[in-house]
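What follows are several structures.
Each of the two complexes below includes chain A, the first together with chain B, the second together with chain C.
Now for the complex of A and B:
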């Protein structure tokens, strides 16, 4: 097949499936899942075929399709097919397929199943659009579509309060980032005179005002802040866990949040040194903050959500510190599999607990424990994926994380200034914290005694092939063996000029420290969060008390000065509003009303001519002809 | 060209099919005939041939116009439902045959090389339309409409024929290129300027403006559209309009382009007048069908604007606009036929906007198709109509027809008001329309036209690059 046809079919299959499922409606709930899986299978096949045929190291194909022509300017709908595109096509399609398989069982009781699968396919369509396009404008369109489908899926259970709130929050937070992204696209178009990513990568940036270029890079990065949940807009991602768990696995772990990283990889040439420093700082903050919050979560999905925030921060740092996006992209690739695996494991556990029929918070890790015996497959897979997340040896995560670390050391050594060492050591700290919360999560869920008295542990079981198969495959993709093959096939060797000689040792020391402290805290304090938060009392005396007193001061300041001025301002506004309202009534409303009245009177006149008498029509026509002849004559 | 011969033969064949007792075969046969003619027509692509002693010329332009006409006919036939089973009132074989004959006339109007062929084509089309307008023979309104149409049409034909005679007298040629050469030489000062030529040009323009229903020759339109059976109203407002504009464009751009300075101001003001009269009167209509009649007049105004601008892109603008407009109009009438039959007032089909109240509740497909077609007619983005208007406006802008542009933009805004009436009625008003059963071919037509409208709105270059 020609690349044109292949890329169009890959893009449009999910849309078509989505439309079909929608038009079949609720009556065909059962069919919708299988349709969707069939579509995903076709798409995965096409993607693999595409990869095999067109992936060579330096090949870069741009396919242009005339969209519409205005005068001499033609607007082009174009695809950019390169190594990144082909790899992302594989990742998105593979994870989508596995998640849909998982959803078959996980969601089968839902009465709006068709809506779920239709939205899921809509999402895959928009994500593939981002991956395939060569034009920033088109990317923005799909970017918004991704936001929309994410909104629809988070709020899938729209009858309850929390998912609604979470969906709104996610949408609004994303809108803030998107506004910056759009401005960035405009600025890029103004500065670089093109919106084609291929053209941008071949540009010579020396002629361009560096300040404006930095601004462009940072504005484009705003899109990433929103979509990839970077500080300070990261808060929507943990809330997004209100959506169905397979959705969290697909959208909020593997693909959509990776869109921001993918976009940064694409626009990498635009980023100036200054812009990269800002991006690296934001990435570092996000990485450490995410890991820190992850430690204190009791909800199984929220831990994973904060962990995702942290890993996305790591990728952003990697992009900012490297000369190309390969290191970040590699971690994006491995992260997609093991994080999706972790989420699906969490989903399977929640599902198993729900199956017992009791009503309780099935996501609270404090009500779990000792599940290793009851759900051995999930336990093994979760541990493998967790190991990959921590970066333990023999996992894919180890390799990709280590390359990021090497890139960071490389950067620090190249810069010849002391403070740049902050970045690699921050990454090491992040790695340590990751190991800490990951081991604790495993211990909470799978080790010890079952802590929920409502449920008889013997009723918990895992038997479903649809739940287990995707999890097993994702775990296999994260460990030596299948995982090694995948990384060898899809990822490119990252050239690093120099690195610190203790890089590997420091990383393993960090992981080991994290594991050890995690295990020790569990041994010492069990699942009791207040005891684990011993650092809190330390914080309490130093930060919280001072913060509280400062807050108290702020409160008095607020109520005395700010409130008063606000009240007066409000009164002023009311007066002003009255004036505006009067102006509106008499002038603004007056214009349409008046013009409507004028139109009315003209209409009555023209209506009057239209009286149905054919003689009169002749007279009118004759007068018309006469006046035209007179007009022509002069 | 071959399509003219084929369609004439098919028309006769259709008459003979009428002898069969099985009426169900007529509609599929007609559809097949039209598709066959469409194939023959497309086979002429990229060949330029003069036929019958320079009477007709087929080239890519004529193939494109013929395609638009045949597609519109195809859609109209697809929603005709075999004209019912009523023995006394309906004579499906004859109706289909007359439709095919009238299409022959329309194709002659887009392929003519000789003014006599324009006249013959126009007459074939018009006489067929008079008959079809009066085909609902027990209905007084239909009879009255046919008579009015005939009277006005005869008047227009007389004027056109007189104009042709005068132009022949002044230039000594019936060939549009011959006239064109004469007019250009005339401009260069190599021969004498006669007022006879100007009067001839004027009368031909007036004759054609009658047919495309531009102001002030539009008075027949609302009465005829309202009186004619709806299916033929749909046919009239798409096929006749496209053919009329093709003829007008070819004459003005080939024959009379040398005298552009003379006729441009005339059309400039007529265009503005047409837009204003049509749109503002349309606001006051209570009947959907009458509103569509004024809408048809207003679209004549828009098309006149690009003809007036006489740019290199004018022909593709006319083609795109005609296509977008035809598809949307057929869809709108198709929905109206179903809804008005379902809801009768005083024994007659209810054709007012009220008939659409609450349509969306039980008939989501119909309501959606109606909404998309109305949005397209109003020129809202993401529909084909938006690009149609856009191309026309950019032509006018290039020529600097500022008055027309301002009027057209304002009147598009007025248009939104009345095109939204049925949408509001079907989605926001309470009503009690039960689920209407639709035949598969009818449903398919609605789905195809709706998808086409959206598709052309997303990717106008799909067809614009061909035109």
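Now for the complex of A and C:
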């Protein structure tokens, strides 16, 4: 198959499936899941075929399709097929397929199952659009569509309040970032005279105003701040956990939130040194803050969500510090599998707890404990994925995280100022914190005694193949063996100029320290956890409230001042008219009868229309236009 | 076939027919109206299909001498009956065809005084079409004024409780605006001559067909050097001649060379501002917008649809056709002023929409916000900006028609428009919810819908324009965020959550077939023009290009 046909089929299959599922409707709920999986299977096959045929390190195919012309510029719907595209196609399709398999069991009781699978396919379509496109303009279009599908999926259970609130928040937070992204696209087009990513990567930037180029890079980065939940717009991601758990796995861990990273990889040539420093600082803040918040969560999904925030921050740092996006992209790749695995494990646990039939918060880790015996498969898989998250040896995470660390040390060694050492050591601190909260999470869930008195532990079981198979596969993809094969096939070596000789030791020391302190605090304090305020209340009072009160103020201004001034003007006219009338009555004495007659006739006319004798007016209007026509004829 | 004349006169004749038909045919009035509107739409589609997209000039020209009056020393009055369309007016003619048909179908719910209603509705159709195809300022003004009358009665007689106030307000606002335009029209008339007729008058040619560019150049040269006496000047209202400054009598106020000024401001600039204000009322631009929410709230649904869908666009069309085409120098000079007024409209309208409790008012303010993008795009004087502005007008016509229909659906059931009186409508009205979601997301500028293209290119034009500072578009993007905020918030409050309706909950039922037909076709159009922007850009591109590089 030609690359044109392949890319179009890969892009359009999920859209087609989504439309079919939608049009079949609720009556075919049961069919929708299988249709969706069939579509995902086809797409995965096509993606692998595509990868096998076209993946070489140097090859870069651009396919252009004319869309429309405006002025003298052609807007082109174009595909860019390179190593990143092909790898992302694989990641998105694999995770989507596994998540949909998982959803078959997890969601099977839902009466709106068709809607769920239709939205999911809509999401895959939009995500693939971002991955495949060569044009920033088209990327923005798909970028927004991804936001829409995320909105629809977070708010999937629309009858309760919290998911709706979270969905709206996610969309608005993303919109704020996207406004910056949009301006970045405008500025890029203004400066570089193109919005093609291929053309941008071949440009010579020496002729371009560096201040504006920095601004372009930072504005484009705004899109990443929104979508990849970077500080200060990160607060939507933990809330997004109100959506169904498989959605959290696919969208809010593995793929959509990685779109920001993917975009940064794409626009990497535009980023100037100044822009990179700002990006690195924001990434560092996000990484440490996410890890910090992850420590204090009691909700199983919220811990993972903050951990995602933290890992995304790590990837952003990696992009900012490296000469190309490979290191960040590598971690994006491994993270997609182990984080999706962790979320699906969490989903499986929640599902198993729900199956007991009791009503309680099935996501609260304080109500878990000792589940290792009851759910051994989940326990093993969760531990493997967690180990990959921590970066323990023999996992894919170890390799990709260490690459980032090496890049950071390389950067620090290349620069001649001391403060650049902040970045690698911040990463080491982040690694330590990750180990800390991860080990505590495992201990909370799987070790010790079962802490929920409502439920008899013997009723908890794991038996479903649809739940277990995706989890097992994702765990295998995160560890030596399958994981090694995947990283060998899909990732490339990351060149570093200089290395710090203590890098490996410091990393393992950090992980060890995190594990040890995590275990010790668990021994000492158990599940006790202090409450930490998030930034939401701060944002609420500063931004939301002020926006609303400003809106209210403008509303008052509009009705009291703008509108009333017109009314007063009208009243002034009436008063003026009365003065004239009085003048007329008192001074122009000669024609009182005449003026009375005029006033009277005006009164009669207005009376008529007050009484609603529209026919009369209508006839008058017609006489007018008729006379006009007659006038015209002669 | 004189399609443009048919577009104008067919509804007029049908309107007469409705007036004359005996009482027992009352139930056919709505069908007559729908059939006429279908024909109108069909005719505009024929125009669309046969339009030469490679040409920037006026097409489907129909011309007749109408009034020729020798006025002694004031020269000769020449008012022509000229109809033609170009890339700027064709999208709006098409939009009128679509929206008027939807409005006619929506008018089925009108029960009282049907004869008057449908008569006026057809009259309105005729006047709007006339506005968009007239190429003579006098003719345009005639239609422009003529639109007011049916609109005034449609709001004032079939409207809500405060209809008297709203209709008078609408009338006075628009009338004041059109007076400003009238003043400029007269001044323009005094200033400009028709070179062809003048050549005829001077005896340079014996009939109009002999008028070559050389002859016209010769006349213009003679005019410049003052060789044509006032008696021989044939004055004109023709847009085509008005937009060429060489046709202006050198010593006239509006000529570029006379240097006439008022306290240092050239009269040309003042004339531009007057026309601008006149059309800004119609658009409407902040702070001249307060008639709009009142008119919308009181107007019956189909009238709201027409008002938001088409009438507002005459403001934008007037900017392009009159203010910008005749005074390009002033447009350049005042770009920043126009741009910032556009951005103020965007932000101000959006903030107001955010604090509205009445759904229809909220949508009215969102119209103010969306039409601000038209101003911004126009102000940029770039290809992206002006094409985007025209696209935005078209798109807003489709989407606002849809939004007002949606409000009408709810209002016709419960007679309540307060946002907080509804919750969880999705449970009882799934189809209505899906279509509202489409309309809301399309309006907040989601890609794949027409609103995205219009907003994107208006903003891009504003950003890339050399006349406007970059931060202006930056501020305007705040409008995108606020737009998402008020639409999503309203959607969440009314449609999500547990079902609860404060008034007449038993009357809640999903869409009827008629409502579905209207809403689904508009949704399809919004999608079509969102995915295939070339459908309109191919039409507007050449015209706008020629306007920018004359």
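Following the convention adopted for this analysis, the second predicted complex is superposed on the first by the 524 of 634 C-alpha atoms of A that agree within 3 Å, B and C clash if a C-alpha of one lies under 4 Å from a C-alpha of the other, contacts with A are read in each partner's own complex, and residues count from 1 in each chain.
We adopt the following convention: a residue touches a chain if its C-beta (ideal position, glycine included) is under 8 Å from a C-beta of that chain, and two chains touch if they have at least 3 such contacts.
These numbers come from a predicted model, not from an experiment.
Residue contacts after overlaying the shared chain place A:140 against chain C, while chain B stays out of touching range. Note on chain A: of its two partners chain C and chain B, the one contacting more of its residues is C. When both complexes are overlaid on chain A, the residue A:67 reaches chain B and chain C alike.
Residue contacts after overlaying the shared chain place A:205 against neither chain B nor chain C.
Shared contact residues on chain A (touching chain B in one structure, chain C in the other): 67-71, 609, 612, 614, 617-618, 621, 625, 628, 631-632.
Only residues 67-72, 75, 137, 140-142, 144-145, 148, 151, 155, 158-161, 164-165, 168, 171-172, 175-176, 178-180, 182-183, 186-187, 189-190, 547-548, 550-552, 554-555, 558, 562-563, 566, 570, 609, 612, 614-615, 617-619, 621-622, 625, 628, 631-632 of chain A touch chain C when the two sit together in their complex. Those residues of chain B whose C-beta lies close enough to touch chain A in the complex are 147-148, 151-152, 155, 159, 198-199, 202, 206, 210, 215-217, 219-220, 222-223, 262-263, 265-266, 269-270, 276-277, 280-281, 283-284, 387, 390, 394, 414, 459-461, 464-465. Taken together, the chain C residues at the contact with chain A in this complex read 12, 16, 19, 66-67, 81, 113, 115-116, 119-120, 123, 142, 146, 149-150, 153, 156-157, 169, 172-173, 286-287, 290, 348, 351-352, 354-356, 382-384, 387, 424, 426-427, 441, 445-448, 452, 456-457, 459-460, 463-464, 470, 473-474, 477-478, 480-482, 484-485, 488-489, 492, 495-498, 532-534, 537-538, 541, 544-545.
Those residues of chain A lying in contact with chain B across their complex are 66-71, 74, 599-600, 602-604, 606-607, 609-610, 612, 614, 616-618, 620-621, 623-625, 628-629, 631-632.
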